[in-house]
Amino acid sequence: MIVVMKTDATMVEISSVVKTLESMGYKPHPTRGAERTIIGVVDARQGADFSPLETAPGVEQVIPITKAYKLVSREFRPENTVVNVNGVAVGGDRFVVMAGPCAVENRDQVLTAARAVRDSGASILRGGAFKPRTSPYSFQGLGEEGLRILLAAKRETGLPVVTEVISPDLVPRVSEYADILQIGARNMQNYALLEAVGKIRKPVLLKRGMMSTVEELLMAAEYILSNGNQQVILCERGIRTFENATRNTLDISAVPVIKRNSHLPIIVDPSHAAGHTEFVIPLALAAVAAGADGLIVEVHPDPKTAWCDGVQSLSLDMFADMMDQVRSVAEAMGRSLHTVARTAP
Amino acid sequence: MIVVMKTDATMVEISSVVKTLESMGYKPHPTRGAERTIIGVVDARQGADFSPLETAPGVEQVIPITKAYKLVSREFRPENTVVNVNGVAVGGDRFVVMAGPCAVENRDQVLTAARAVRDSGASILRGGAFKPRTSPYSFQGLGEEGLRILLAAKRETGLPVVTEVISPDLVPRVSEYADILQIGARNMQNYALLEAVGKIRKPVLLKRGMMSTVEELLMAAEYILSNGNQQVILCERGIRTFENATRNTLDISAVPVIKRNSHLPIIVDPSHAAGHTEFVIPLALAAVAAGADGLIVEVHPDPKTAWCDGVQSLSLDMFADMMDQVRSVAEAMGRSLHTVARTAP
Amino acid sequence: MIVVMKTDATMVEISSVVKTLESMGYKPHPTRGAERTIIGVVDARQGADFSPLETAPGVEQVIPITKAYKLVSREFRPENTVVNVNGVAVGGDRFVVMAGPCAVENRDQVLTAARAVRDSGASILRGGAFKPRTSPYSFQGLGEEGLRILLAAKRETGLPVVTEVISPDLVPRVSEYADILQIGARNMQNYALLEAVGKIRKPVLLKRGMMSTVEELLMAAEYILSNGNQQVILCERGIRTFENATRNTLDISAVPVIKRNSHLPIIVDPSHAAGHTEFVIPLALAAVAAGADGLIVEVHPDPKTAWCDGVQSLSLDMFADMMDQVRSVAEAMGRSLHTVARTAP
Amino acid sequence: MIVVMKTDATMVEISSVVKTLESMGYKPHPTRGAERTIIGVVDARQGADFSPLETAPGVEQVIPITKAYKLVSREFRPENTVVNVNGVAVGGDRFVVMAGPCAVENRDQVLTAARAVRDSGASILRGGAFKPRTSPYSFQGLGEEGLRILLAAKRETGLPVVTEVISPDLVPRVSEYADILQIGARNMQNYALLEAVGKIRKPVLLKRGMMSTVEELLMAAEYILSNGNQQVILCERGIRTFENATRNTLDISAVPVIKRNSHLPIIVDPSHAAGHTEFVIPLALAAVAAGADGLIVEVHPDPKTAWCDGVQSLSLDMFADMMDQVRSVAEAMGRSLHTVARTAP
């Protein structure tokens, strides 16, 4: 951390900053120039908060040189975290595909989708029972009935289930059914919810807010880890920009940026980024090539009748086609696909 | 609503869309051209959801011509809503200033701030007891102790109090103390929270998310109104852009845009937009001139010791100076300042 | 400037950076900590380029603490620059309004507009003769014929003229007719053009690119000043963001940010920012209140027949109405309006 | 094109719009509802300009349903354009890599880079002789001396050359030396320059502006094609967003979006998007997987001494490593790499 003093800072102001830093347990090093003085602290604790200094008299700027997050950082833990989801390892050598419908609509729809995506090579089933919607007049999900349908599909196909939780009081109930609890993009900074999933011992899929930086995503994950839950999978799903040819702009660079700065697994959601079926496959392949650990993809047995996100949901055939290409690019990248054996009849 | 069919759409596909629309109770009007057909529904119900049509065979695009929100729209209610906050009318002829510290730190700090801002012309006291923070290691607020301090300050100064609520289960408790419940920018799309404050009968201050459109802000307000609570005050507080000379970019245009499209009052938070004390006053004056109904401003008796947001908090003297200029621009705009009489000793 | 070394930087790498800085004529101050070393140069020349150090072995980050621009900075020249445009002082005590049509269409249109805006209180006439257009199929302006019409209007009304120049080879020709040469937003980083207007001795109106930071705007102005022309007026006209309720998002904060960092005058274009007539006046008033030195506004005698930007052009009556309000807010801000006396018949 | 009339539009206003459209040669189809009327024109000419209607009395909105560009659209020309660069086919089956230094510094640097990138599999040499720089105090390029060095490297290695042209008057001179003329991101909407390169018969590499939409990029290309030059290669190089972990945000979706809407080849510049060496390779691989036709990459024999962009330039070894991976992902995508045979000694 470096404090840059104003050009007209007085000796008293400089001493006062030095003393404040010493009282925090640091050894500050002032460097005096003809025009201004800077004061460096080279061994600041990771995550330390120096913002109060910004308003001290004579201070122009406080420049952090260590990161604001700690437990999620690769410096804290150099080796990759592998999250074990009922036998499916996310973040390891094998590439993991999660797939299924946007919303659980009925038993048939989910079972049909689940069998098909497993047979094409997916290893985790996705499906929404509680849906956060922009409009209060849109379908809000089947709720607990949806969770029961997901559990039935899991039992039949052997696929673990990921589903969204939208408020702290729902965490216990959703945990009974789900193998991974998803925090949606709009809730990435819902701290009460982050704390609630930090206190359970189930894997969490944390989606990047469409308005959040990678650093803020890592800080949100830090909330979960600092509450005791280390099993966090990050997800890039597109950010909001001025471009509107796609629903969001997939920030593909987030994959290598996160790989460098954190030990947590990172997967990509090409469906919400693309917003149109025809762009989902190229984005999925780009994610594999950029080094992501997996994908989460919207698939529907009959997209044109889907209750939500039909316009970006792959049909079962398109998904099978995507998986062929994903397999081939993953192999070019030196990775194989994680698959789940068909359960005995 | 207009459905634009693809250039190669078949007659069967066109008929199918027409029938779907008829089954929804509309009278669709197809127009056939040499190249393509469009199907118009000119009397769609406000808030109706046509998104399933986007995936019907042969459909290229569905273009809405009515707005997605209803209860908050000026078409639904042409006259301005005036929210009555314990005698302070927000959205009426008089300009309302809410002011106080970012976080409640102690009784002295709040009382000093409250007296000073009232004497300078503020009519509502702000202060945070539950603080949503980017880092789990930052100060999270005094909680209920903070609420008690705010209540004491209200009793002494006569100023109604606005304070943030950060999760649905806290709504009853915060309602006991606060005159206005604030929904912070990060929670603008926390639908469980919006529903919770929609079910009480207290004014709500809804801050715009830093990367939410004005339309999304109005949809979030629609959640509150559709749950029964009509007393909503909107707040523009800056959006996230590529520019980083200020903490956020104050979207001053949001004021006239909201005035045109909604009957709800709109105030401006220049402190979070600016991020630096020296830019707060020009932004506050711009808000008055753009037609806002009020301001919410961070003020601290001693900004350099503030536990949060000190760098953007006005001192008591700067606030007094700001109020002189606000009063003068408000008068040029034909408005007077809402003030609260000193309570008898 | 501060060089932050990597935690694993060697002594040889540290010495090498120190020597490089010494060879550049600086006195570097290394501070060694248990984990890492930082090297400060506190008296770097303004505008000095340290980017080559970023790639030196062992370097993690190079942090500038002085600004990249020099001649345009308030540190270089503390007092405000006042640009004299044929007797109209831009940047002084009086508020200056430039107004007129988007494009010069014919003599009648320009003369009608010019007389009307002068009578309402404008002191400079705007009008485009060379038009940069997104589509090659849109009207590209009348060219030199347009310049002649503007000159005729100037002679009749006494209003100096501002008009756009779109390529270096047109600079001499446009200079013969115009009192201010405008560099449009799309050309803000057209360095060949900036150099060309830097070599003449006429005032330049430099519009901020819709994709440019305030710092880049100041760097673009630095190109003009460093080529010898000190008479530059800056213009904020809205930036591109995710919000699309308005054509662009007026960055009203740019006004106080520029006032703090530069001595150059700053005006606001509310027409391009708003994109719709109904939002122009509130934005114009916000600009006055935020401390701008003037406005540039699109006005057309008959907006519905305008060849370009009709949807955002004020009618003569709306402009007169705007000027009444501008006068009143300017007075509340302690400024009067610059006006031009009617020329004798 | 659809005109949506206001709810209170009069019959006279509706007729007037209908007549205006008829006078433009169209058959307008009005649809009257209880609340409002819409007027459709289903066979509008591509590129037709209906903006004047936006200001006609009674009109609320004009909604285009055909695209603003024509010659560059896939509807106009369904098959892919293949640009022939002295025997290197860009946009065909084979993947093309352009590589070389940011700026030409001297003969040795360019020749070393050229030989190495050819030997690793690049087929076109890049290098800047005229450099557009944000600061007037940065190195502006060697100019014509730089062009001569590039020509020498071409003669020795057999690699065609791509280099930037920054103003219309330089087009003839740069054309004498270069095989592809590059229009840089900041000049994407420099229409005088687009027209100048539209009038020559050499391939043009058009880089997307960092805050331009894909549609604006295609409109800029339309300027070149409409002036007669059909040999345009598009380039995605990252856009400006709120995220600053990378220099720009690579909009990887632009690749499939452009492939769908245009017949022109699209390549990706991972260097400017990443801004840091360590992220260049993942972005390059993502581009291959997303379906791009090629890459343009900054490579320097000694990045730490580079006069510009050293921090994002690959060393010769890193480039060789990248090419191995590019080859392998390209093959997984069913494409081979375009290479240039070593010239005889």
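As written, the chain order gives the labels A, B, C and D, with residue 1 at the start of each chain.
Just so we're on the same page, a contact is a pair of C-beta atoms (placed from the backbone, for glycine too) under 8 Å apart; a residue touches a chain by one contact, two chains touch by 3 or more.
Given the structure is predicted, the values throughout are model-derived calculations rather than measurements.
**Q** Return the chains shared as contacts by subunit C and subunit D, ordered by label.
**A** A, B
**Q** From the centre of subunit B, which chain's CA centre is farthest?
**A** Checked the centroid distances; the maximum from subunit B is D.
**Q** More C-beta contacts across A-C or across A-D?
**A** Top pair by contacting C-beta pairs is A-D.
**Q** Counting in whole Å, what is the centre-to-centre distance of subunit A and subunit B, each centre being its mean C-alpha position?
**A** 28
**Q** Could you tell me the distance, in whole angstrom, between the mean C-alpha positions of subunit A and subunit C?
**A** That gives a centre separation of 40 Å.
**Q** Just give me the whole-number Å value for how far the CA centre of subunit A lies from that of subunit D.
**A** Spacing between the chain centres: roughly 32 Å.
**Q** If you look at subunit D, which of its residues touch at least two other chains?
**A** In subunit D, residues 211, 240-242, 244 touch at least two other chains, as defined above.
**Q** What residues on subunit D touch subunit C, complex-wise?
**A** Touching subunit C from subunit D are residues 47, 49, 51-52, 54-57, 68-69, 132-138, 166-169, 186-187, 189-193, 209-212, 216, 219, 222-223, 226-227, 240, 303-308, 310-311.
**Q** So in the complex, which bits of subunit D are touching subunit A?
**A** On the subunit D side, the touching residues are 211, 213-215, 239, 241-246, 249-257, 260, 273-274, 278-279, 282-283, 285-291, 325, 328-329, 331-333.
**Q** Which bits of subunit D are touching subunit B when the two form their complex?
**A** 2, 4, 27, 29, 31-38, 40-43, 61, 63, 65, 211, 240-242, 244
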